[in-house]
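The same chain A turns up in both complexes below, where it pairs with chain B and then with chain C.
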Partner chain A sequence: MRFERREDVSLTALLVAPFAAVAAALLLCAGLIAMAGVSPWVAYAEMLKGAFGSRLAITETFTRASPLILTGLAAAVAFRARLWNIGGEGQFYMGALAAAALGHATVTALPLPLAWAVLAGAGMAAGALLLLVPAILRLRFGVDEVVTTLLLNFVVLLFVGLMVEGVLKDPMAFGWPQSVPVAAGLRLPDLVPRSRLHVGIVLAVVVVLVVWLVQSRTVFGAETRAAGLNPRAAAFAGVPLTATLVKVAALSGGLAGLAGVIEVLGPVGYVTTTMSPGFGYAGIVVAMLAALHPLGVVAASVFVATIFVGADAMSRATGVPSFIADVIMSVALLAMLAALLFTTYRVRR
Partner chain B sequence: MMEALEILTNASLWAAVLRIATPLIFGVLGALVCERAGVLNLGIEGIMTLGAMVGWLTVYWGADLWTGLAVAVLAGMMMGWLHAMLTVPLGLSQHVSGLGITLFASALAYYLYRLWVQVGDLPPTIEPFQPWAVPGLSAIPFLGEAVFTQMPPTYLAMLLVVLLAWALNHTPVGLALRMTGENPHAVEAQGLNPNRIRIWAVMAGSGLMALGGAFLTTGAFNSFFPTMVQGRGWICIALVVFASWRPGKALLGAILFALFDAFQLRLQTVVEGVPYQLFLMAPYLLSILALILVARRARVPEALMQPYRRGER
Partner chain C sequence: MTDPLPVLELDGITKRFGALTANDDVSLSLQKGEVLALLGENGAGKTTLMNILFGHYAADAGEVRVAGKPLPAGTPRAAIAAGVGMVHQHFTLAGNLTVLENIVIGAQPLWSTSLNRDAAAARIRDLSATFGLPVDPDARVGDLSVGERQRVEILKALYRDARILILDEPTAVLARPEAEQLFRILRGMAQGGLSIIFISHKLHEVMGASDRVVVLRGGKVVAERRTAETNPAELAELMVGRAVARPKRQAHEAGPPVVVARGLSVSHGGGMALDHVDFDVREGEILGIVGVSGNGQAMLGRVLSGLARPVGGTITFQGRDIGRLTPRQAVRMGIGRIPEDRHAEGVVGDLAVWENAVLERLDEVSRWGFVRRAAAKERAAALIRRFDIRGAGPETRTRLLSGGNMQKLILGRNLAAGPRFLLANQPTRGLDEGAIAAVHSELLQARAEGAAILLISEDLDEAVGLSDRLQAIVKGRLSEPIPAEEADARKLGLMMAGVWAAPQGVSHAV
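Up next, the complex of A and B:
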């Protein structure tokens, strides 16, 4: 058996791959659900109901999808240039911290749209800085950025703990380690009244469209693609590799940071050490399921959010541990990786 | 300053160092075996988590501690097989596959734990390994308490370092393994199958990683709880680079690391006014620093992360 590279990747194959991966994941995890003594049909039906069965469920699913769109986009942008940013989780928290730190005092002095712009800028800068360190370590010293970004996630989480128990601690929180809330006027308006769904999701989709245009229409977009496909050929063709990777790092870290800002200004209102149920790590799954395409990121985020919100409801109804969501997601990631192989290669006997 | 010295000259500190180093030694040896054969295994964090859960659960269900470790090794090898299948014959991205394995193995561990174990207010416990004093040697002042009164898996870890160093450098199997990581074409030319060697190496290495995880729940602690591995796997990946892919240096790295960890734990109780998070951050920052220091001089296995396909360059 050997693999032959296909001349060109067909769009159909690329569109089928994620569905095949998700189907394989649901099929494989059915066995685990059956082990809990629950019929997989019942469990999956409950999940669908839990994610889309009511107005509240639907708004919750899209609320969950909003930060995933941005962390997924952050991973997709970086992976496309073969910059392995696994630090989305840390960058998310840096953005959230920046929003909380500036959100209660200084910014209230500014008129609203400007205040939001300042917070978004600060959060993006914080996230970008966190990724620029590993990016520069790789470019300057050849240190693998996978390990450094992963290790920095732990450092940042401790730093968040330090802040919410220290200078940013909310004295009104009855001793709970959480930051002071951002000013009420700064909170993002609701999209659907009487729900947690806010305009953040619209913002996230707009950002996706902008990134898509940048990637497909600008020199920078072409350069990142070239750097990812074949760095040596790209350098030979005159692509400034170092500058491109630094820009990609700033963009990727900034996007994850923005996710943190929006989560604070949207549904949460303050920072805690548990505010992210792994948005950064789930972003990697989102990016892979989207085959690193910005538009695919939106669809993949909704899928991952469906699994998580649905699994919580299903767990309450049937008693199957909600960790099944993480299992489904990780199996989908592995299956997608294998499925992508068949979009770029054909098997010859 | 005096306090620091006092802590460092205390034999109980050094006994703790070896105990803290044990999971790291297993993990770093496991990563080393994989990488020496040319495969980066970022599944380590999840494999350690799964090993911790499976090892603990086996004992919780009535088996003895050594059976627990053995079952954990088997679980680790199964995850290793999966990673090897995806990255060796299929040649998929070792980065993404490894992260996928980490997400999968830890999610599976948490799911099965919730499914099979009734957790009350506190996680249920088992009777863990007890320190075993080596007859005679444990009577030596200082060294006896620091080195020769350890839990049995700690002695196993140190024995494995010696064994692996010898096997890598002085046996045909070790030579084949090293050659697969440096130049798989040369292995093929010798009539061996480099992909088969890689698959076995990844499985063996993953078994060792799981053993490291299992020590956490059967030795260092006596119960399992989510996120207990706390980035130890990633630290092991950094330590392999720091050790230039050599078992002896890996042991040294793990011990230095554990020394720092044990030292900061004791320092926390002495130094006042410094937030504990700063102490906890230090190990991760130290790992990054170690990577920066050695990165320029690191002798990476030539074919690391390069899938091998016959007749393709």
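Up next, the complex of A and C:
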């Protein structure tokens, strides 16, 4: 048996791949659910009900999807350029921290749209800076960014802990380690009344469209694609590789940072060390399921959010541990990698 | 004379890939001690045929017989057991293992825990000596030259008791002296009783090294000749299907110098890749740089492409210093560049043809940072028409182009802008005869229009045929130029060996 490269990757195959991967993941995990003594049919039905069964469930699912769209986009943008940013989690927290640090005093002096712009800019800059360090280390010294970005996540999390226990600690929180809340006037308006769903998801989708436009239509997008696909040929044709990669790093880190800002200004209101249930890491899964396409990121985010929100409800109803969400997600990622292999290669005997 | 039983017979082999028939009812036979050349253009079905013989592919119809016994289809293991060895064009060696380890891998039973290194090493040394394939069994393959790696591949086949050796384009990666040495070795093996098939599209190799030639075209055997009874012109015509001739250079006066290098030096990895080289390329002239690969050609190309910086001397283009240009600045100034390796540097294979057509000049087809796609595609379409790039539209993935058409795309995107200087680094490496003729005529056309062209080539026929003047590159140094009219095999051989008259005037004292 051998793998033979396909002449061309068909669009159909690329569109079918994520669905096949998800189906495979659900099928494989059905076995695990059965081992927990619950019928997979019942469990998946509960899951779907938990994610979409009521107005509250639906808004929760989309609330969960909003930061995922941005962290997923952050990973997709970086991976396209072969910059392996595993540090979305840390960049998310840096953005959140920047919003919380600036969001209670300084910015209240400014008119509202400007204040939001300043917070978004600060959060994106914080996220971008966190990724620029590993990016430059790789460009200058060849340090593997997979390792540095991954480990920085833990450094940042400890830093967040230091902040919310120290300088930014909220004195009114009965000793809970959380930051001072952002000014109430700065919170993003709700999209659906009496829910946690806020305009952040609209913003995230707009950002997706902008990034899609940039990637497919601009000189920067063309250069990024060339640099990602064949750096030597790109350099020969005059694409400045270092500058391109630095820009990509700034964009990717900035997007993950923006996710943190929106989460703070939206549903949460302050920073804690547990505010992210792994948005940065899940963003990697989202990016892969989306085959790194910006529009696919939106759909993949909704899927991952469905699994997370639905698994909680399913767990309450059936007693299957909600860890199954992580398992489904991981298996889906592996299945997607296999599916991507089959879109580019065919098996010959 | 009665023919003894052939050691190998292919009988009516047919293989289809979708709509494409790669091999159509191909039959041939091989005698003991014979060197058979399989000649054909790229895409004629040579490699497919050999992959069927070796069991990588299963034929849709037909049979392979070794010493009269049919070989089961589709299993390389059966082919190896029957004594068929294959040396692939792209080597299948592990660079981090030693020669010995590479050779015994796969020949060793899976469950044997220890390796009898001494016995294996002795056997390899024995084979090395018998067949004149010197190589150190304990050397790391990653440290070996391309020629040495090829010897390891051959030894690997011999170690498995191959009696029939198939070599796929064995000289594609070799410089001429190495290639000549290889053919001497193959000849010796044939005299020792082995039977050899080698695949090639180079006429002089086939004429020089084979006993018999089978010509494939469009998947069919179109002719079979005894080498002694044919000639290169006939073979070329059989191979291409029509008479092809490389275009001839017309004499004309060269203009003033366009690119001038004086004492140009570039360091690389602690040594000097280019060491005080001098050359002038004049308007309407082709200056050929000949030499055995690895003597500084790559660095010369990199400097002129804007990818490497000189450490000494000057290089000017129309009087302006170009030693510190970026590739983009070079393109804007009117310097055209054809890279040495079109797949690695020339194109981004997974981008569309139109994107590769404008990648060097994105600024010319963009406004406010947005690519004007319609204008870019129109440009690509114009290139496709003007340079006769076949099998492609602007939206085609560039990877799917044949080598010749890919090279026409690269040539086209450079020539369309009317460059004053063109660097042509190995412009026809790996191309078939038809594509070579097309590339040559484009280069000569650019010369006629007044471009100054620096041609770096390992193909002596090409260098002598196209160039007005020639310089040899040896260990990073350039010989004095000689007019192409004075170039003969003996003189060029001496030049490439580093024997040339001391330059007049200043000598470079250390």
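Basically, the second predicted complex is superposed on the first by the 349 of 349 C-alpha atoms of A that agree within 3 Å, B and C clash if a C-alpha of one lies under 4 Å from a C-alpha of the other, contacts with A are read in each partner's own complex, and residues count from 1 in each chain.
Here, a residue touches a chain if its C-beta (ideal position, glycine included) is under 8 Å from a C-beta of that chain, and two chains touch if they have at least 3 such contacts.
As the structure is a prediction and not an experimental result, all values here were calculated from the model.
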Superposed partners chain B and chain C on chain A - clash or fit: clash
Partner chain(s) touched by A:46 [first = chain B, second = chain C, both, neither]: neither
First, second, both or neither for A:219, with chain B first and chain C second: second
Partner chain(s) touched by A:60 [first = chain B, second = chain C, both, neither]: neither
First, second, both or neither for A:263, with chain B first and chain C second: neither
First (chain B), second (chain C), both or neither touched by A:312: neither
Which partner, chain B or chain C, touches more chain A residues: B
Which of chain B and chain C A:234 touches, first, second, both or neither: second
First, second, both or neither for A:148, with chain B first and chain C second: first
Colliding region between chain C and chain B, picked from 6-14, 168-176, 186-194 or 258-266 after the shared-chain fit: 186-194
Overlap of the chain B and chain C footprints on chain A, listed as residue numbers: 2
Residue ranges of chain A in contact with chain C within the complex: 2, 7-8, 217-223, 225-226, 229-230, 232-240, 348-349
Partner chain B, residues of chain A touching it in the complex: 2-3, 32, 35-36, 84, 86, 137, 141-144, 146-148, 150-152, 154-155, 158-159, 161-162, 165-166, 281, 284-285, 288, 320-321, 323-324, 326-327, 329-331, 333-334, 337-338, 340-341
Residues on chain C engaged by chain A in the complex (per definition of touch): 56-58, 74, 305-307, 326-328, 330-331, 337, 339, 344-351, 355, 359-360, 362-363, 366, 369-371, 373, 397, 400
Chain B residues within the chain A interface of the complex: 42, 82, 86, 90-93, 95-97, 99-101, 103-104, 106-108, 110-111, 114-115, 230-231, 234-235, 237-238, 241, 275, 277-278, 280-281, 284-285, 287-288, 291-292, 295-296, 298, 309-310
